[in-house]
Every structure is written in structure tokens, then in C-alpha cells.
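Two complexes are shown next, each including chain A; its partner changes from chain B in the first to chain C in the second.
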Partner chain A sequence: MAGKVKIFPFVSFMIPYIEAITPSSLFITACVIWSSGAVLTVVSDLTKLRLEDRWMTGLSIAGSLATIIGSIKSYTQTQAFGFSGFPNFGLAPLTCLTDSLSVPFTLLLGLVSLAAALATPSFTHTLATKSQHNHFFRLTFLMLSGILMVLLSANAIAFLVFWEVMSVAAASLITTDHIRHRAQRAAISYMTASRIATALFTAAFLWMQHLSGSFDFSAWHFNDPRALPAAIMLFLGAATKAGLWPMHVYLPQSYAEAPGPAAAILSGVVGKTAIYLLLRLLIQGNCESLPVIYLALALGTVSCVWGVLFALVERDLKRLLAFSSVENMGLIVVALALTMLARHHGLDMVMAIAVTGVLFHAFNHGLFKSLLMLGAASVERATHTRELSQLGGLAKRMPWTMLGFFVGAMSICAMPATNGFASKWLIYQAFFRLACDEAPLFDRAIALAMVGVLAFVGALALACYAKAIGIAFLGRPRSRQAQMPPESGIDNLAAAQILLSCLCILLGTSAGISLSALSPALNLLTQCSNDTGSFFPLAIGQLSLIGVFLTSAIYLIILGPKTKDIRTYITWDCGYGPLSARAEETGSSFSHPIGRIFSQILQLNVETEIQGKDRRHFPEAIRVETKMSPFIETKAYRRFLDVVNWLSLTLTRLQTGSIHVHLLYLFLTMIVLVLLGTTL
Partner chain B sequence: MTLDTFEALSVLSAILGILILGTTLLRTNLSFYRMHTLAIAAVTAWIAHITKEDHLYVVALGVFLIKVIFIPNFLNWVMKKVDVGSDKQAFIAAPLSMHLGALMLGLSFLLSKQIPGLVGGHDSHLGSTAAMSILFTGVLLMLTRRAALSQIVGFLVIENGIYLFAVTQTHGMPMLVEMGLLLEVLVGVMISGLLLFNIKKSFEHIDVSQLTELKD
Partner chain C sequence: MESLLTDLNRQEWLRAGAFFFSLILMPPLTVGIIRKTKARFQNRIGAPIFQPFYDLTKLLKKDETISNHVSWIFRSAPSINLSLLFIVACLAPWTTLHPFGIPGDLFLLIYLLAFSRFFTVLSALDAGSAFGGFGASREVTLALLVEPAIMLSLASLGVTAGTSDLTTVFSFENVKLQSQTGLWFIAGCGLFLSSLVELSRMPADDPTTHLELTMVHEAMILENSATNLALAELTHFVKIVVLLGISSQCFLHSLPWVWHASEITRALASIGGVFFMAAFIAVIESVAVKLRWTKLPEFIAYSVAMSIFCVLIALSRGTN
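Let's look at the complex of A and B:
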């Protein structure tokens, strides 16, 4: 130690100061760094200053690191801080709180934004003009500071302000490539969903303010029966933001159109803020009303099944990932509902396990979904397409992307030794425990049924990712676009993916330790002391170590000497010689059997037309067309929009253009108003 | 029921207003409008006398100068320039619309009973009856006539109704507000007079029922 002090006298001089830094100052630093980046882009727009991508990426990384360190520091200390002066929002000042509940989410934000920042240069070099660069960086910075402040806000008004900053920045980030019609549509639907969520939140917040007389989150208690409407509105708003069925329709569009790094943040963190809000208000506020619980269970379950089914039949890689997000959000919300149900019945153990499952799965999903999104961005960058039918054989050309995508897919399918396994295992365990515990028969039956639903969803998710990897990475290239030159080493994008993959594996193998780290958050939420590490007794870490050791031993001792016999050859073609890529199985054919079973839900129609004299044996031309019209969009939303359009068109007939008719309207309105004024 | 002098004057102005509806000759219309506004100016002066609010005298003088002298003269001049003497083909025949106006007077009497007084003790039901009746008269005038000039007169009558309501119910707004309103009416009338020239020049007529392009 003495030697170290000699070598780094400067560092040892700094140590007391570093220890004295509070989490709040670190979070403020992160926010200031990001906001100053946004300001810089404005300056650059107005002047001739040209911002190098390196500087902006550096700023982004600096902010992410400050957030990560701040989260680690606030793990041990709860700190409330506020600004009574300048950022005052009229109804309430800006007050913030960092406690053990916000730690997992700020840490997730820091990690995902770090990975996204690493990946940024790979995207920005495709942007042609300076203003596009500035637009992208400005909105990314705004969104990041918005998310950070949303996670730190301690009162409703501050929350709403930053929520808006985050949503608006996210929506316009989607339109980075605003020339494309699809990006415009995606941004508009994202904006609509955000509007609905904000409206519901505002109504719920005002309701709670009326009940409690305060805008502070800590003053709100949802175990009051009068708070039920607020709880329902809050849940629906969060469900819209998280993308639960039937409010999920905007998710595939917006995630698919957003630029790669932004899509990683959107899918990884932005959706989780809704989960954070539910935890902060409903769980910490002791919500245990049955209508909310059953609503959450129902929507969550439908989202699980719906999301995974649509992901399975999807042909666009990024849309597939987005639908899979719907599934995972459903899973998290189901666990959240289980938490409330367990609290309702007073089952502390089930509640503790379920809420740990919510926290851990939200964190893990943030990691592996952003990893998969970056992988998809990497594929799109290399091949300029996201259509699975155009891809294929990427494993040989993009080994690093393949590795990252594979780890992400393993995690999301809950394979052992990855973090997804640990969190899904907790959710299963919670349901099993409820089924065997002292609860009413109805709830136990639901819990048992949910186990079945989860297993079903898990199997379909496995099929879905088997399809994604199999079609995109294995086999032969299906188009000229997929036959690009192999990727050269580890670039920024690959580094970001490797970072996230390592985190996924690390969290999975050390599940017990990382779960213990969630204990303070759990104790804050459930008001009882538990060691979350004990919920996960499987020795995954040790087993994987043994596995790694054994595998390397086998490789070195048995396979090692034979390495020279292994030769590289073209993809195996069953000995038939050169096969065409068209003989391969396509994504649609892979998912067709399952799509056929659920064709009622998916609205899947296959039209086959065979032409020729003797059509059965000697067809001349075969035409097969698969049509899928998403049920919710065509049956519910489209109808609703049709009604709105019809009403608007009908109402324009009132506008005749004649002065006399318009005067008559005025006159009648006046009479009605006078009558109303005198009678009421 | 005893009629205060100012209430009697307000009802007189309402009746003179209804008489505007009774003819389609624009010149006669303007003369009636002149008398009708003169009655309103008298009401203002009388209220100034009762409440001892001296600024209302000034307002009355302003009303007299602008609305009784200047505006009718200006509109007479416009009428001669565009060479339109009467408003033919009204949607509702003049006698009928006059009777409608009388009916509206009754309706406003019923309505005004329902309106709670604005100034305790001083509120006048007959004043608000007259004001509302004038309002309806103006609307009827605008609704039933075709010539753009009648629209201007109708607009002026509506404005008079609102003014009378304010003056009888609140006993005068601040001087600045009243003067501002007067000036606004003056400017509005002058602009619409100039617009009339342009309409006449472009379309060869001033029939507003044929101007139906007022939509998207």
C-alpha cells in the first residue's frame, strides 16, 4: 500500500475528496454533461463550428460513466436533494431522490447509454450533413438527461416535465431519417402513444394530489379505496409507455425506424421507466386493490402471448425484437401483478420473490434487448436491409455480431448461465409458491395456469430466436446484399455488443451475488428484510466454471491435437453439390406451422395458386402469397380511425361558406348560451 | 310598474331598432339607425345625470358624434358611390321580419327576467330587455338581408345592443374602454365601407348570399 501511495501521491491526495462526492453531484454532473452536449449542437447549428463525432461520443461516455458511478455511490446512501430556486415548475420545485429503488434503473441507464455511446460513431458516419449529426446528438443527449431526471424526480410535476422531455426527444429521434415515410408514421404513432400516457399520468397525479394534498410521490398511498381510479389510470399510462397489449402497436414501428444506438436506448431503458414508475408508486405506495391486479394480470398475459406470436411470424429483424419486447414487458407486468396479489393475501415470501423478479428481469431485459438491438443495427449497417428473407450466412462474415446476438438470444430465451434464466426462474418460482401457498383457490388456480402460460411463451420465444439466428446468421446468403465482405475485427459496434454480452453472462453466472445486491431495493419496496441472494440457490456460477473448465480440458486434450484435420469448406449441402440459396428454408416457412395453429389470432392467410394442365403433377407456375393483417390494428384501431374520419367529414358539411348560415350558427349558439346561463 | 326615463328611452331605442327591419330602403334604414342611436346616446346622458358620473357625458357625446353623425353620413356616401338604393329580395319580407323583431322583444323580456342583476339595486330589467331585443334585431337584420350594406347596419345594431346592455347594467365602463370601443366601431365601419367598393368593383353587385367561397 505504501508503495502505491509513493507512486500515486496525487491519487492518494484525492481519495478523501472522491469519497466525499455525493451521488447527487454525480447525477447532476451527468445531466450537465449531456445537456451541455445538446447546447453545443445548437451552437454548432448557429455557427460554423463543426463538432467531431469523437467529442460528442466522449461527452456521452463521460455522462454515462458519471451515471454509473453515481448509481454505485447511491447504493449505500439515500439522498434527497432539490433546487428551491431556479428550476421551479410553478406547482412544485424540482426535488430529487436517489434511493435503493432508483439504483438498478440509473445503473441500467448508465450501462446501456455507455454501450450506445460506444456504438454511436458507427451510425453517425452514415449521416451526410452536419445538421443531421447535430440533430441526432442533440436529441440523444436530451433523451438521456430526460430519462435520468425521470428516474430521480421525487415529485409529480418534475416527473411530468422530464417525462415530456424524454418522450418528445425520443419521438423526434425516431425521425432522424425523416425523409422516409415510414419514419414519419412511426414518430407520429410514438408521439400519440406518449400523449396518451402523459394524459393518463397527469389525470392520475392530479387525483392523488387531491387525495393527499401533495405532489410528492412519498406522500401517496394507494391502499386507500378512493385511490383506485388513479391506480388504474397510472397502470394504463405505464402500460401504454411499456407497450402492453393492446397499446403495443406503436412499438414495432418506432423501434424499427429509430437509428441503431437510439433503438438500443429506447428498447432498453425508456420502456423501463414505466416499470420504474409502477414500482415507485403502486408497489411502494402499497397498492393492493384487486381490479388493478387482475387488469395487470390480464393485460400482461395477453401481451406475453401476443408479443411472442407476432415476433415469431415477423419478417423484419428489428420488428421481431420489438414484438419480443412486448412479450417481455408483459412478463414483467405479470410479475408486478403477482407482487400486488401476494401483498393482498399477506404472503411476504411470494411478494419478495416476485418483486425481485420484476427488478431483475427489468434490468436484464434492458441489457439483452439493447444488445440484440445493437446486433440488428450491425446487421442492417452491413447489409442495408432488415428483411430476414434477404439475409443468411452472416455468421461467417460477421462473427462478432453473431457472438453478441447469440448471447443476447440465449439470455432472452432464458438459457441457464445467462441473466435471463435467473430472472425468469424467479418469476416461475413466485408463481409456483403462490400456487402452493395459503391463498384462495381461484388465485392459486390462476398462478398454476400462469406457470403453463409462461412455459408456453418461453417455448415460443425459443422458436422465435432460433428463427432469427437461423435465418439471419446460418445457411447461405439469400441475396446479394448479404454477400458483403467480412467485418474487419472488433469495431465500435462490436465492442459495445461485447460489453453488453459480458454483462449478461456475468450477471447470469453470478446470479446469487447480483441478486443480493438488490436486497436494499427489495426491503424498501416490501418493508421487510430479506436477503434476495437466498431466493436463487442454484450454483450457476460454480457449475458454469466447472463447465468451462471441462470444455476447455476436453478441447485441449482430445480435440486439440486433431485441429489440423479440420478443414474449412462451404456450408454443408448434404452432398448434392452447389445448392441455390432458394432451396433454403425461409423465415416464413420456419414459423408457418405455429402461425397456422394461431391463424385466427394472427389473421394469417395463405393463398396458393397452381397453374398448369395437370396441376398436381406438372405445375407450370406456383404462386404463394402469405397475408397477415394484425388483428388489433385492422379490427380495433382502424375502425376507430374510420369513425373519426367519417365524423370529421360529416362535420365539414356544416361549413357551407355562406355568411348567412354562419351568422345563423352564431345566433343559435348565443341563444343556447343565454338559455343555459339563465337556467343553470 | 313605473318607467324610469332612461328605461323608457332604452325601450324607445329598441322600438326604433325594430323599425329598421320594417323597410328595405337603405336610406330609410340609415335614418332609423340614426334615431335609434340618438336614443341610446340620450340613455347614456341620462344615466350620467342619475349616477353623477361625469365621464359618461363625454361618452354620450362621442356616441352622438361618431355613431349618429359620422357613420350614417359615411354610409350614405358609400351608398351613393356603389349606386345601390334598396335591398331587394330579402330572405324574409320586410313586414314579416319586423313582426319577428317585435316577437323577439317579447322573448327578450322573458329572458331578461331570468338574468340576475349585475349591480345590486340598480339593475334594470327593461334596460336589459331593450338591449337584448336590439341584439336580436341586429342578428335578424344580418340574417335576412342580402346587401352588404345591410350587413354593416346589422353589425352596428348588434354593437349598439351590447353597448346598451353594458351601460344599463353596469352604469358605464371606464372611459378608456368606451372610447376604445367607439373607435373600433368607427374603424370597422370604414374598412367595411372600403371593402364594399372592392366587392362592387370585382363582382358588380354587393349581394353577400352569392359570396360562398368562405370555406376550405
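Let's look at the complex of A and C:
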């Protein structure tokens, strides 16, 4: 009591200051905390200072908390802030803006980085040297501040600068384990994709600057037909970053090679920055040109199907998750395209539902994909493998990881009562409404077809995650690696997963309420003043209560009294004696029937060779080989790379190494430029 | 006024009572009818229609044996699945006795069914038996092919009615739907064909065979025994009734006289419809053979084609 009295004047003295804290100062604090962490690692590299994991994790968490509080604060107030003086990028000063559109994304960043920070010690203690530690923390901090500033940038130049910080940091983060050849390749392909995205963005930004005379995002309007090339380039750049088909090839490599916590941020937030940019420019800038819409619809749909098909046949747990990211990004982009289409036809309700679906699904996907990535990291840490064919029976040894992964899988499969269901339902509903509405027949047909495609993709996703859980966590261990000692209680990594799973369930069961929080963003993007909560009228909270009640009643009344009489015995073996784990279904055999149906797309070939006298009944040796060559990589990109290689080999002849010749080139270029300048 | 209110309430309660009564009685009875009809076709007398009840009560009394490899999924899946199916039954328009007018959203229903499939598949994989794995793998493959068909058939009905709430679509009140005899009929056919696959009935799967290698649903619940098996079976029975009920509702909606019939007639017709569909399944299973696994996509293509016809009809409505 006494303590309270003593503290009280101090607190009341603080209150005005706390209220006076603006979102901008919180975001700047977060950025400063993260950047100072990066600076500290440099200092540590140069001096004898040894940075404890605990300090760095603490810094990371502090930055995340500042971001979360900043997002909550900026929910109520839009604030533009900038620095006209020092951080001036020549063409434009550093100006920032926090408004209701950036809130969901900064909040997502805060939550995911919080979970990743919690999980960090579990990864860093596997790193041997001080420099590896420093490398990992430095790049994580740089990437986080980069993402935050990307989300806050109000003009194109600032955006590009921080976009580069983010991309380069992410690419270097992938090479934390740079000795491995696969990590090197992954980083190079990630860099390539980032380069392409940046190039496209730069071109689009310059085009828009030319049209509007300003680098400010708020000055750009895409409903001008002259902005069409910029819109297309912008979309393609964002599609590359988000990993849409056919630019998705780098995604599985890079997510799989990135260290666990970094993979969570990469898959959870970095891809979403592309979605954020599309929302900020195309949706807020009133883009409604049909070429962009149909391009986005086509690429999004193909990504959905392609991503989930490849996820299904994937044998590596993390690559599976990465391919499923392709699917979800496709889903988000499809809904985004629908938003623009509905705006084109003037269907306000459809537009509002679709854009709410985009926002909510982007947020939810960030949560559950980072949850799943952390689960995969946990599996990898315990078993030192990601190969599904080596795993099995982990549910008993890693109950907490299993629980987290299970909730994540349920959310990503859009099972009711999880957040994934709520956002996917909105997307379904938007397409369904368009099919009902007064739109041209062609668009209604597309909308209704999309409902079918989404159902198909949903069933594929269910198969994919049933496989991931069923093969990795259930059944019997398939290798010695999977027979490790049981998990010891809730450690950091498990705590991070529990945090994210609780968020998934909470957002799902209270979907109507949590959706209402998106109303300001909807208002900003589409000028609709609807309550976004009203778009989701299902009483999902009550239904899940009834479900929990019914389940526990059935369990307690019917199964419970019998529990003491249960006899455990071996799994049914047809009386042939104990089965070995090799008799179990493997990941590839589980997805084989589906693989057979889509063997044309997957390029799946199965060769069976049976040897022996009477080959059918008494085989002596059976050899089965499954071959799968990803179509895009082998056919399209390989050809392209061959052409690039040939071109560069041919062009090396120009590069003589003699300074005189190079001066001549300079001179010739100048003449050409002058000619161009005078004639145009 | 007050008497009217209590009257309405009484009617509502009566209807709910009838609904829950039929929800508990009909699933085993429907299966009993299928088995009895099949037996008569094979010139056997067959077990009594109420045999599934006796089987379930016998199973409930027995002691359970479970594999020593299973996790919590296996033990909890049957109770979760059964409660999911009860919820589905309360939301889905499988009879006209829809209690309390609970709105049953199309997408929610499909995903609730997917939810129960997720648990069934996982519990099949839990024991690490090869049969469970086969069954699970086949189940997800079939679901993948059938799901778009079910979704599109129901969605095209919804698009015609202008709502995704199936309770409204199937309420015999929408004037736009009254004239769509063809749409209802084709949707009913599509849903019926999909249900055959979804319920692991004959052309897709032979529920009475004892060769685990070829089975789908039976292979998945191979490790279940006693109470666990009883719950899994009951879940499947409820699913049979709900899916057959939805397709029989479609057929009933395509008959003009049902639209003008009284509520009691409709209720009786819808219950009779389920039993009729069950008998029809038995006839199919008596005259048809199980298709080879590799031929199944071709069979499912028929139901997909039906759903595409539904979509075309729904899109070509004359308003614009």
C-alpha cells in the first residue's frame, strides 16, 4: 500500500508525458533501438566487447514493443513527420507517414519480430564464433529497421533506400551459414529477385514522378491512363518480391536456407511489404485499369494453384512452407485484383469486402506463416534435418512444437475458429458477391470460377498440411534422428510459438470484433465508411464455444470413463509381426496419388524396376525412382540464363581492358546521348 | 397477441424437437436401410433395420485397444469430429426442420466438413500404420477432386438466390429459385454424385469389403476400436444423412408441388427423401461395381460437369 502511494505521484507526473508520446517518436525509438543494436555489433567486431545473446534479444524485444505500441497509438492519429535536414536523399527528403493503412503492417512487424526475438536464443546458441553472432544480429536489426522504415516512408526515394536496406540485409541473412553451397545459391537468387523488383520499382517511380512532378506517394493517382505502364511495372515488381508465379523460384530456396527466426520474419513480414506497397499505391491511388486487374488475377490464380501443388509434393518441411507462401500471396493478390475490379464496376460493397480480406489475410498470413516457420525451426533444431522422410512421431517428443504447428496448420488451411478462416471467408464472400452483383457476365463468370478454384486450392492446402503434420509429427520415427530425447518444457522457441498460436485463435474466434479494427484502413483506402466487422456476420465465437462444449461433453461422458480400461498394443500389422517404420506412409507416397493426377504440371516421373524370376509374385529386388523437375526452373529460367550467359560471353570481347578503348566508349556514348537529347 | 407468440414458440420448439429427434434416430436408421436393401437384392433376409443401433451400443460397452504409437490426436479426433458433424447438421439444410432459423453459411459448412476431414486424416496417420496412410492419402485426393464440385453446385444456387446463407436458399421462400427446376435438379445430381465419393460409397469405395488395401474410409478408422470406433462410425452416419439430405433437398426443390405443400408434408417429404436416397444408394451398390482407383477422376468429372452446368445456369439468369 505504501509503495503504491509513493509511486502514484510519480506515475501521475508521467501520464501527460505518456499521452504526449506520438507514434512517430515511438517508431523512431524502435528504429534507433534496432539500429543501435546493429552499431553495437560493429563495435563488438572491432573491439574485445562480447555481446551477450540476452542483451541483443532484449534490444530486439524493446524495439518490437516500441513498434507495437507505436502502431496502437497511430491507430487513432495520422501523423506525417520528416527530417528536412540531415537524412536527405538528394532528390527528396526523408518524409514519413503513419496512418491507418500502415497500422496493420507495423503491428504485424512488431508481433512477428517479437516472436522472432523470443526465438532468437534458440538459434544463436548453435553459432560457434563471436563474429557469426554479430553477423546474425547486425543483419536482423538492419532488416527490421529497414522494414519499419519501408512501411513508414511517404515518398519514393526514402522508400527505395530502405527497401534496399531491407533486401540486402535479408539476402545477407540467408548466408548466415555461408559455408553451405545451398545457402550461397539461395542468397544469390534472393538478391537477383530483389534487384529485379527494385529495378521495376525505380522505373515505375520515375514514371510517376514524371507524371505528377512529385516523389510523394500521396501525389500519385493511378486512374490516369498514362499511369498504366507504371502500374504494371509496380505490380510486377511487387509480384517478384511477394513471390508470385513465375517469379516464385527464389522463395523456397531462400526461406529454407534462412536461419529459423529470420525465416519467420522473411516469410511473415518481408513479403507483405510488397502487398503494402500495392495497397498504398494502386488501391489508394485509385487504380482501376483492366490490364493490371486481369494480369493480377491471372498471376494470382496460377500462384495459388502452382504454389500449393508444389508445396504438396515437397519433401523438405521448410520448402513446403515456402511454396505455401506462394499460394497465400496468390490468394492475397487475387483479392487485391478483385478490389480493383469492383472499383472499376463501381461495386462498393464488393470492393470493401475484398480489400478488408486483403488486409486481414495479409496480417493473418504473417502470423501463422511465421508460427509455422518457427515450428519448422524447432523441428530442425531437435532433429538436425528438415527431410520429411527422416521425421515422424515428433508429437510425443515435442508436444509444444506439435501444438504450435498444429494451430498454424489449422489457420493456414482456414479451419473455422482460426483467423485464416475469417480472412479466407471474406475473400470467398467478395467473389461470391461479385457473381451475384450487377457486373458484366465475363467478370461474374470469373468470380464464380474463382470460388471453385479457391475450394480446390483449399482442399489441396488441407492435403498439404495434413501431410506436413501427419508425416513429421505423427506415426513412428522414420530415422534415428527423429528419436531424440523429449522436449524439456516450454523454452523460448516454444513460448514464441505459443504467443503466435494464441493470437491466431484469438483473432479467429473474435473475428467480427477484431475485423472492426480495420474500419479506418478501409475508409482510407476506399472512402467506404462501413464497419468492417459487419462484413463477417458469422457467430464464429459462439459456434466454437458450442463446439468446445460438445467435444468435451462427448469426451468426458463417453470416452472418459473408459480411459482406465484402455489396453495399448502394437499398431495392426496383419499378424506378420512388428512392422518397421519403413512400412509407414512417407511424405512422397502420401502425395503420390495427387502427384499422379497433376503429373503434367509437376513433371513427375516414376520408374519402377522389379527383378527376380517370377517378377510379379516373388520379386528379389524392387527399385522405385521418383523424379520431379520443376517446370519453370528447368524449362523457362534455364533457357533464359543460357541466353544471358551467351550474351555476357559475347560481350566480354568489348571489354578489352585498355583504358583508351574504354574512353572511346565513353565518348561514343556521350555523342549518342547528345544526339538523343537534341532530337527528342 | 400473447397466444400467437406462444403458438409460434410452440411451433418453433416442436420443430426443433422433431429435428433433434430425427438427428439422433435417422443416421443409424439410414445405414440400416441401405444394408437391408442391399441384403434383399442379394436374396438374403439381412440384419434388422435397427442393427446399426445395436452395433453402436455394443461397441460403446467394449473396452478399447489403442496402438502404443498414437498421440493425443487419435484419442480426441472422434469426439471432435462428432461434435463438428452435429454442428454441421444443425447448420446445414438437410431437412426442412431447420431449428431456430440458425443461418448456415455455405463456406462455413464446407470448411466445417473440411475440418472434420483434417482430423480424420490426421488420426489415420497417427498410429503409423500403412493402411491408415493409404486411406488418408486417398481421402485427401478424393476430397480435392470433389470439393470444387460441391462448392460450385451450392454456390450457383446461392448466386441465383443472391445470398450465401443456405438456410435462406433452401427455405422454399425465394421466388427466384422457384422457377429454377432444372438448376435444382442438376445441382441435386451433382451433389449426389459428389456425396457418393465423399461418403466412400460404391463407385469410389466399397464400404463392406475387408481388403484394407483398397479401402478409403474403412482404412482410415482401422486402428479405432470400441467407443472410439463407435464415435467414428456415428460421425460417418451423421455425415451420410447430412450429405444425402442436402442432395435430396435439391431434388425436392425441383418438384413444384413441394413448394405449395404444407410444412408438415415438407418435413415428411424431406425425411422420406433421405431414406429414398439411401435406398437408391443401395440399388446402385447392388448393380454397380467399385471403380479402379485410377478411373475415379473420370467418375468425379461427371459431378464436376454437373456443377459447371449449374454455374452456367446461375450466370445466365435473365436480369442483365
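Operating definition for what follows: the second predicted complex is superposed on the first by the 606 of 680 C-alpha atoms of A that agree within 3 Å, B and C clash if a C-alpha of one lies under 4 Å from a C-alpha of the other, contacts with A are read in each partner's own complex, and residues count from 1 in each chain.
Everything below uses one rule, namely that a contact is a pair of C-beta atoms (placed from the backbone, for glycine too) under 8 Å apart; a residue touches a chain by one contact, two chains touch by 3 or more.
Here the structure is a predicted model, which is why all the values come from computation and not from measurement.
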Chain B versus chain C as contact partner of A:663, first or second or both or neither: first
Of chain C and chain B, partner touching more chain A residues: C
Touched partner set for A:551, first chain B, second chain C, both or neither: second
Partner chain(s) touched by A:652 [first = chain B, second = chain C, both, neither]: first
Partner chain(s) touched by A:678 [first = chain B, second = chain C, both, neither]: first
Of all residues in chain A, those that touch chain B in their complex: 652, 655-660, 662-664, 666-667, 670, 674-675, 677-679
Touching residues (chain side chain B, partner chain A) in the complex: 91, 111, 114-115, 132, 135, 139, 142-143, 151, 208-209, 211-216
Residues of chain C touching chain A in the complex: 60, 63-69, 71-73, 75-76, 78-80, 82-84, 86-87, 103, 105, 107-108, 110-112, 114-115, 117-118, 121-122, 124-134, 136-138, 140-141, 143-145, 147-148, 150-152, 155-156, 158-159, 162-164, 222-223, 226-228, 230-231, 293-294, 297, 307, 311, 314-316, 319-320
Sites on chain A touched by chain C in the complex: 392-393, 395-396, 402, 410, 413-416, 421, 425, 428-429, 432, 435-436, 438, 441, 444-445, 448-449, 451-453, 455-456, 458-460, 462-463, 465-467, 469-471, 473-476, 537-538, 540, 543, 546-547, 550-555, 558-559, 562, 565-573, 579, 581, 583-585, 589-594, 596-597
